[in-house]
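Worksheet: the structure to be examined is printed underneath.
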Amino acid sequence: MKHFLSTDDIDSLPEWLKKGRTLAPGSGTPEQPGLGKTLCLLFFNNSLRTRLSTQKAARLLGLEVLVMNFGAEGWNLELEDGTIMDGGAAEHIAEAAAVVGQYADLIGVRAFAGLSDRTLDSAEGILHGFVKYAGVPILNMESATGHPLQALADALTIAETTKKTTPKVVLSWAPHPRALPQAVPNSFVRIMQRMPVDLVITHPKGYGLDANLVGAYEPVYDQKKALDGADYVYVKNWSSVQEYGRVLNRDPGWMMTAEKLGEAQFMHCLPVRRNMVVEDAVLDGPQSLVLKQAANRTLSAQLALTHLLDVQ
Amino acid sequence: MKHFLSTDDIDSLPEWLKKGRTLAPGSGTPEQPGLGKTLCLLFFNNSLRTRLSTQKAARLLGLEVLVMNFGAEGWNLELEDGTIMDGGAAEHIAEAAAVVGQYADLIGVRAFAGLSDRTLDSAEGILHGFVKYAGVPILNMESATGHPLQALADALTIAETTKKTTPKVVLSWAPHPRALPQAVPNSFVRIMQRMPVDLVITHPKGYGLDANLVGAYEPVYDQKKALDGADYVYVKNWSSVQEYGRVLNRDPGWMMTAEKLGEAQFMHCLPVRRNMVVEDAVLDGPQSLVLKQAANRTLSAQLALTHLLDVQ
Amino acid sequence: MKHFLSTDDIDSLPEWLKKGRTLAPGSGTPEQPGLGKTLCLLFFNNSLRTRLSTQKAARLLGLEVLVMNFGAEGWNLELEDGTIMDGGAAEHIAEAAAVVGQYADLIGVRAFAGLSDRTLDSAEGILHGFVKYAGVPILNMESATGHPLQALADALTIAETTKKTTPKVVLSWAPHPRALPQAVPNSFVRIMQRMPVDLVITHPKGYGLDANLVGAYEPVYDQKKALDGADYVYVKNWSSVQEYGRVLNRDPGWMMTAEKLGEAQFMHCLPVRRNMVVEDAVLDGPQSLVLKQAANRTLSAQLALTHLLDVQ
């Protein structure tokens, strides 16, 4: 069964990017392969862009959409097998997923990392529980370790705007007051590795990404050096993988500024903390691509859903 | 005015069960008697199956659907008449219900028992308040004392799977860490009394169901004896009616096991606590009907909504 | 760009009122100028009537609707410019609004007064932030200082029911246990000033409305005198403007009674606290227009949305 769990589920990235352009607003009447089918979106975590863009994309494809905030409107799920369920979890994911699969032809799941137990987060209990038990295709709307809809929107944004055959793309860590997951940088690195780009990753020591997820890479600890000659600078905070989920560094020297950005175009998945992650001048300037990235979330959701609907 | 408040609102159960089969997925293009009409679903309590299956059913019938979590998205309602509303309730149900009736052609209401005051719960203040004031047909999506959509799905499940003219159906109480309402067993017993089945009810002493709701019955306190020769075993916890809302018994000896189940088919309305109410081997085995029951929730909602839409 | 932020955005009130009558249920097949477009409703505060009637109106116009409870399903927004966002706000309204504008053709915003800082509330940070950054028309679903959809529904109600060319309309303050915003009375006064009515405003000393918002007016402190010969009595509590957000008076003598009402018709925007703001006999009697007001909320939303969709 097809799923869209990671960027690896994109069979041919060049074809997806090409098709993405044909879906842009104003490109003619869209096909509606979703007519008569139902997509259920399950949010285990809060969401703005994903919530709205995925619904928008689904309706454009003709899908009926059911939205549920699982924690607030439902109850806690048990993920472990074999336990005596006498605690806080009212239902096992085996039943919950299989039941939702009775009502929906496709299921979208958003479930973040807890950031306290690396093994637990890596297991992607909720996402993989739905894959295992739901019996229908699953759409990853950001999981503990990946955010492929965002990565695909980012790839669409670069493909759409680049003036070079092989632009230099820099992923640059930034400080943040809270501990954040690594889902976005993981998926961004993965998809960039399949793009005709020169990818450079810069972050402080102790912030290396998980090689099991993104492959081995040579980090550049000198941000200035990394940014030299950049065409795109993707800024993002994440918490430490090695000292799992901890904030080791809040050095404002890592914040992105107009001066550091130079001639490059600025990217961020949003939400972004102004003057902490990036200064106002960058976000408010003409080199910011953040709104185009957000707009492309509708296209990436259309692409992923179309892929899942395409059952021959 | 027609309502769907209890299984008593099913005029002819055999006809409903027969019609239910014609609605199953793949049975051809459904009629859409709801086109141009609006159903508003009001949740005073959390919900998974009811939330999704009722929306699904409504859209299949062509209804527009408005969903509202009344407590979280609205405010507390006053149910008493004549009070000075200077406390926590911002609106009287008289206005709230009549207002929703201005926007919706049908209203679904889910409002559980509080389990602290039996007289209050029996009065079904919220459900009956909507019946009294809304001016449109009301659909019971589980109230303090009944869950007729679940019972109808259960009846559909037995009708669809039975190989006998008069199968033996056993309702068997099970332990649970928390105090649960009696809505599901009440409605299950009521609908089984109208089915060609041999119904046996087994529970510990102190757990007798309300005779005003289900009629007088002879409980079997010996679970083993009750289960002998069963074709269907419906397992469910409920709290005491006599010592209202209290948990009197957590004896794990009442849990359903594969050994006890024998050749019978297993039923539960879900959510279910594994290895507390029923052991894994039963839920994961081929005799479990729980997913079919859940799938039939869409059919029971279609039947009830079609009934409410059928105004001649 | 067109917006619907206050009753001032109604270009010709007589024409809107006339058109409103043609939209009433049963007036023939409605036009669907919203087909192929999306309305996103953002709730920063709870809502019953506005939530349901605006969705209903939008679907009648053919709009797709996305609903989001911004606080519960998203996160806090930063409204200040130039701050270092190291606190509780995860996203600046500049990005949030612009992003929603990527997915929606129209945005509805509900954001109440905080009632602790008059200057802050007057600035209407959230509403005006969306106007400034979203890039699409904004619909005010009740802001800190105004509730134009309610005022328009009230005007429709008076226009539909009056038997006089110039009825006497009295806005009468009422006691309430909690501090409430002035949004409803502000907009009601503004729209009544454009209607062929004789408007009288009565409230205790200390409860004068903001002259910057409603213009200078001569309050009548003697409720009995104000009510003399009234055709419509609009009852509403609000907190003090001068001692901002404070409850100065809970005198039950200001409650509306059947005796005080006399022959007049009773109006209230709801929710209303019975026997605190108005006695049961009034709400339950034949002179109450509250349900007609609520029903007219669908019409006022249809009018406002049609206005915003009409881009030539």
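The first chain written gets the first letter, and so on, giving A, B and C; residue counts start at 1 in each chain.
The rule we apply is simple: a contact is a pair of C-beta atoms (placed from the backbone, for glycine too) under 8 Å apart; a residue touches a chain by one contact, two chains touch by 3 or more.
Please read all numbers here as calculations on a predicted model, not as lab measurements.
The set of chains touching subunit B and also touching subunit C is given as A. Different-residue interface: subunit A and subunit C share under half of the residue numbers found at their contact.
For the pair subunit A and subunit C, the distance between mean C-alpha positions equals 39 Å. Within subunit A, the positions touching two or more other chains are listed as 72. The touching residues of subunit C, counted against subunit B in their complex, run 43, 46-49, 51-53, 55-56, 59, 69, 72, 177, 270-276, 280, 283-284, 290-291, 294-295, 297-298. Taken in their complex, subunit A has these residues touching subunit B: 38, 40, 64, 66, 68, 72-75, 78, 81-87, 89-92, 94-96, 98-100, 102-104.
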